[in-house]
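Each of the next two complexes has chain A plus one more chain, namely chain B in the first and chain C in the second.
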Partner chain A sequence: MSLAHDAPRLAVRPATLAQRPARAWPEVNHPAAWAVAAILLIMPLIASGFFLIEIFASTLILGTIALSLMFLAGYGGMVSLMQLTIAGFSAYMVAVFGVSGNANISLGWPWWLAVPMALALATAFGTLGGALAVRTEGIYTIMITLAIGAAFYYFTNQNWAIFNGHTGINTVATPHFWGVNWRADIPFYYIVLAVAALCYFAVEYLARAPFGLALQGVRDNPRRMAALGFNVNAHRVAAYAFASFVAALAGVLQVWNYRQISPGSVSVGACIDVLIIAVVGGITRPIGPFIGALIFVLLRTFALDFLVRIGLDGNRFRLLIGLGFLAIVFWSSDGVIGLWQRWRQRRGADHSSGGRSHG
Partner chain B sequence: MDSVARRLSAVGAGAALELRGVTRMFGALAALTDVTITVRPGERRAVLGSNGAGKTTLFNCITGDFPPSSGTIRFFGEDVTHFPPYERIRRGLRRTYQISALFPGLTVQDNVYLACRGVSRGRFSFLRPGQNDALMHAADNLVQAVHLSAVKDQRVAELAHGQQRQLEIALALAGAPRFVLFDEPAAGLSPTERAELIEILTSLPAHIGYIIIEHDMDVALRVVESVTMMHNGRIFKEGRPEEIESDPEVQELYLGGGHE
Partner chain C sequence: MSRFVERHPAWALISIIAVAILLWLIFAVWPPGLEQAIGRKRVFLNALFNGITLGGLYFLVASGFTLIFGLMRNVNLAHGSLYLFGGYVGYAVSTATGSWVLSFIVAFILTALVGVLLQVLVFRRMEGQDLRQTMVTIGLSIVFADLMLWACGGDFYQIQTPNWLIGPVELPLVTAIKSSGEPVYLRYPSVRLVIFVASVVIGVAMWLALNRTRIGMIVRAGVDDRDMLAATGVRIQLVFVAVFAFGAGLAGMAGVVGGTFQSLSPGEDIRFLLASLVVVIVGGMGSIPGAALGALIIGLAEQLGSVYIPTYAIVVTFLIMVLVLAIRPQGLLARR
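Showing the complex of A and B:
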């Protein structure tokens, strides 16, 4: 390959200048993205309360938890199985500091005090867990974070003073202010949508900011990152802190959604569900976890009826998810997103735009 | 202590790099034994030796990739023996790797931008660089300096070998390097690319010293003023290029040994 590129260099200049503004903000100029955004915004006009909450709000909450895993795994190369645990911890803290039916446990703080407290504690919890996990790599990171998740699950089962054992904390109060019951279907849907969108755009934005770029550098080659002046472990711990905050936000929404939290919500199986959601959707881009969550929630909700109708045990919906998981991992290492991108590339090979992936 | 070091270097106190009795063990195997080297600021030196002579281990000890088992390393007067690699880099030490150590998932521009960011503030910045970001311009200039402007928006995984080697050098020149370790920069390059490499090395600002590991004598001896020969983890001979080239012992050991 020749080293002198004098002629092309001149031609390239204007193109790079034109690309600069794209750097400043996520790629939201795609028509499909606008269509999805519009549909999500007018969803309450289309969907019934059941769909709004059980399908779409649940998808967005689960998707946000999986998004925190996508951030760590996709950009940082760290597969953390404790993201659901952090969300669950945050949910428990909302119940413990806020108002609930278990007056002997809950401190009765107003939601605007209990929520920041829960977010801070859950972020600290996840950062500490991350500080342990970054001393390891690959499968050991998975094992440590899974161990933290399992330990928390058994702890909540056995601890009655704070976590109320296996019964958990019930009738958790939800915010009412400005004369609005924010847990009513439509207001709650918009809260969930706003938080999920905020997290999504934050992750998308961060991927091109110095912190996110450096995290991708750490993923690709930690040793070289150290040789460029980066404190690799500090960077990884900071990534855990950010991801923990995202998971903690989702945890608050989760406890408001169900108005209760019990060990069943933080079981090891649920931790692994988050991994499945992220992998099925695709961990290379922030949209992947939401797609994975939608597939998961749809299967969870409707596969049961479908299976019963064809004469099988309804609980077999996990079988469907498992088969889907196998198929995805087998055919596309970057999930549904990867399938979609490949399909588009094949279709639009002549369109020079091509999928601009940075993950 | 940082300010002391800076004052020392300001008065030109001695060496850019000073290794005293550096030994590195891998289990019972001594990869480096009692290596003592002093390199002046701005000095350009080649380290020669056959495979397994300990050249790359020497680099790894200097940068802290592997800390030495014993001995001390001073960088511009400051004892950096127990510093993690990133602290040494932030003080102006740089290195390239024998096997390109790049970020294949990122673009050329992003690779160089990371290198610039690593030796400046704001490594944890959550804000994207704006249009007039100084580091973005610095990265642009570096990309241009190693003739990669035409491929700056391509992912590194898609680059040809020669281009990856050039990017490897660009990463080591980010910020304000004071001393660079080049680990076989010419490996796998075509003759044209070698000429280009020699030009890049010789046109570095005079205050930037370097050590270069290079098997290709044509490259190595044209870009250095002193040579250190290594053999079995020890310093075997030091001198000017022509002295080393004509030394009968060296010829027997290395040059005549079937190597280039």
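Showing the complex of A and C:
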């Protein structure tokens, strides 16, 4: 028995040792990464309230939800369409346990009790959903998680006792403490930035940690990993649990951002939008979802004006999104990041054709 | 059947008792105590019949979905869009010509053509890449949904029921006894019965075609091992195109059916996509009898649920899916 228990640890150890040198945060050492980090930190000096919240905070929140999908899809090979549903569940729980305009539903707990409760429940919800989804594989996962997401959407529409039907829960209270209104534009931006950065580095770290390496092994060859003594399903469910926690964090931020939550925010279309964001950005690296989210939010905000300006019907925003998504899926399987990398490689190849060559 | 009784005597007994209770509920005149406990018999019978006919509609949508998946391993998430497209085409034809039957034919042909185009232009290029194909179908469903919203607007459409099908028929099922001792019979919309009979006929025809004809044999062989089938000299791409066209055409026809006894509007595509997903998860991916069983279960659960536990109807459907996944992840009637 003890042998069987030791097997995973023994098997992982050489892998981590071999990985140590590569653990030096290559992307963070890149000068461009420092530049982006600096710009994000001083953003309130540059951008006004509208841009700060509607563009950058929205991007970071959506990017964090998509990041949880990227973690599952990129490292675990499980494309889950219910990440937005988990975020929405967590948002609903904040509204139900915390303070809101619907006093007959909300329990009126202070935020420091309601938020951990919401996070715990949403993580449990996502883990249960994941435990269901891992009973099947590959494309079945998409179908089951889509069915879970759609069922939750229709349930929130029908249930009035907890979810208040299709009107949802309005005027959700946001935290005030230490004399600061944390929903004011600048403090809220920094909260969102901190959570997004935390999740980003957690994913980055986990991808190199023994658990992440084992998960990538499970993605590439579940049978071999099972033969090596790893519990394949336990790794997958644990990945779902982590991703659910990330999505739940983003859900809390989302309900604080809009101060309301309704079934419209957990609709099937919105679930699919998260997949689009992750795929367009690229699901091979944690930075991808944030790039995808930026593109998505910019399109969502400015497509109307842009389409009208070039003489088209401004309501065709979703057509633009769909066509863009199709183009990305057709020509670049790893999203915008893949396009960028290929462009750089091609440029590198042109440069090096005279002298040095690099792999 | 007899082997099932020998193997699982307890389950056989339970199912016989359940069927007997169901038959009694349908045919007997309910005693007053029962009517007080769970409501009137007419309500129950109506919910039961609505469930069965809705199951027929779900079967039409889901059988195409499961056929395409079974042969090509392609989870066609644009299937709901094909349904809605067929419905709009049917509406246009029936308002233009006034012929209900013609609208079925045109909807079938046009949706099948869309299916052919999809298979030839899109899916053939990425054969064997399941995930990528699925992503493409998601993108296509967004594009189709927006194009249809553009063309048809956000209104509700209902296809006109033909004159010879308007009105109820009286079924030989007693719902209650009047105080004068005269029995009251169940009256039910005839168009729903006709549609249900038609979907049963289509289902049986499909089963016969799959199990008794040469083409059906090729398709079944393709479901089992398409590489080996291709190696024996069958032009597999032609089979793929034909099956995709047929599955898409069925979805289009189902759109006309849905447009007749429900209505057509943006959002219905997602609803029917979800319904066919749940149906094939419950019934078993790639299995036609599985789709029939799953459609019946989900249709009944939805209708009975919406009558007896209105707020939790969707949860019942979902719980059935969870239960099936927990006990038999491959679906009730799947072989593997």
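Throughout what follows, the second predicted complex is superposed on the first by the 318 of 359 C-alpha atoms of A that agree within 3 Å, B and C clash if a C-alpha of one lies under 4 Å from a C-alpha of the other, contacts with A are read in each partner's own complex, and residues count from 1 in each chain.
The working rule: contacts are C-beta pairs under 8 Å (C-beta built on N, C-alpha and C of every residue); 3 or more make two chains touch, one makes a residue touch a chain.
All figures in this text were calculated on a predicted structure; none of them were measured in a lab.
Novice: Output check: A:Phe325 vs chain B and chain C. Expected answer is one of first, second, both, neither. What do you get?
Specialist: Touch partner of A:Phe325: chain C, not chain B.
Novice: After the superposition on A, what does A:Phe155 contact: first (chain B), second (chain C), both or neither?
Specialist: second
Novice: Quick one: classify A:Ala226 as touching chain B (first), chain C (second), both or neither.
Specialist: Only chain B; A:Ala226 stays clear of chain C.
Novice: Figure out whether A:Thr136 sits in contact with chain B (first) or chain C (second), or with both, or with neither.
Specialist: second
Novice: Which holds for A:Tyr205: it touches chain B only (first), chain C only (second), both, or neither?
Specialist: Once the two structures are laid over each other on A, A:Tyr205 reaches chain B alone.
Novice: Considering only the touch criterion stated at the top, classify A:His166 as touching first (chain B), second (chain C), both, or neither.
Specialist: neither
Novice: Write out the stretch or stretches of chain A touching chain B in their complex.
Specialist: The touching residues are 1-5, 8-9, 12, 16, 19-21, 23-24, 205-206, 208-211, 213-214, 216-217, 219-221, 223-232, 235, 238, 358-359.
Novice: So in the complex, which bits of chain A are touching chain C?
Specialist: 79, 132, 135-136, 138-140, 142-144, 146-148, 150-151, 154-155, 158-161, 268-269, 272, 275-276, 279, 313, 315-316, 318-319, 321-323, 325-326, 329-330, 333
Novice: In their complex, what parts of chain B are in touch with chain A?
Specialist: 63, 65, 84-86, 89-90, 94-95, 97, 101-106, 110, 113-115, 117-119, 122-131, 144, 147-153, 160-163, 166, 171, 174-175, 190, 192-193, 196
Novice: What residues on chain C touch chain A, complex-wise?
Specialist: 73, 75, 77, 130-132, 134-136, 138-140, 142-143, 145-147, 150, 270, 274, 277-278, 280-281, 285, 310-315, 317-318, 321-322, 325-326, 329-330
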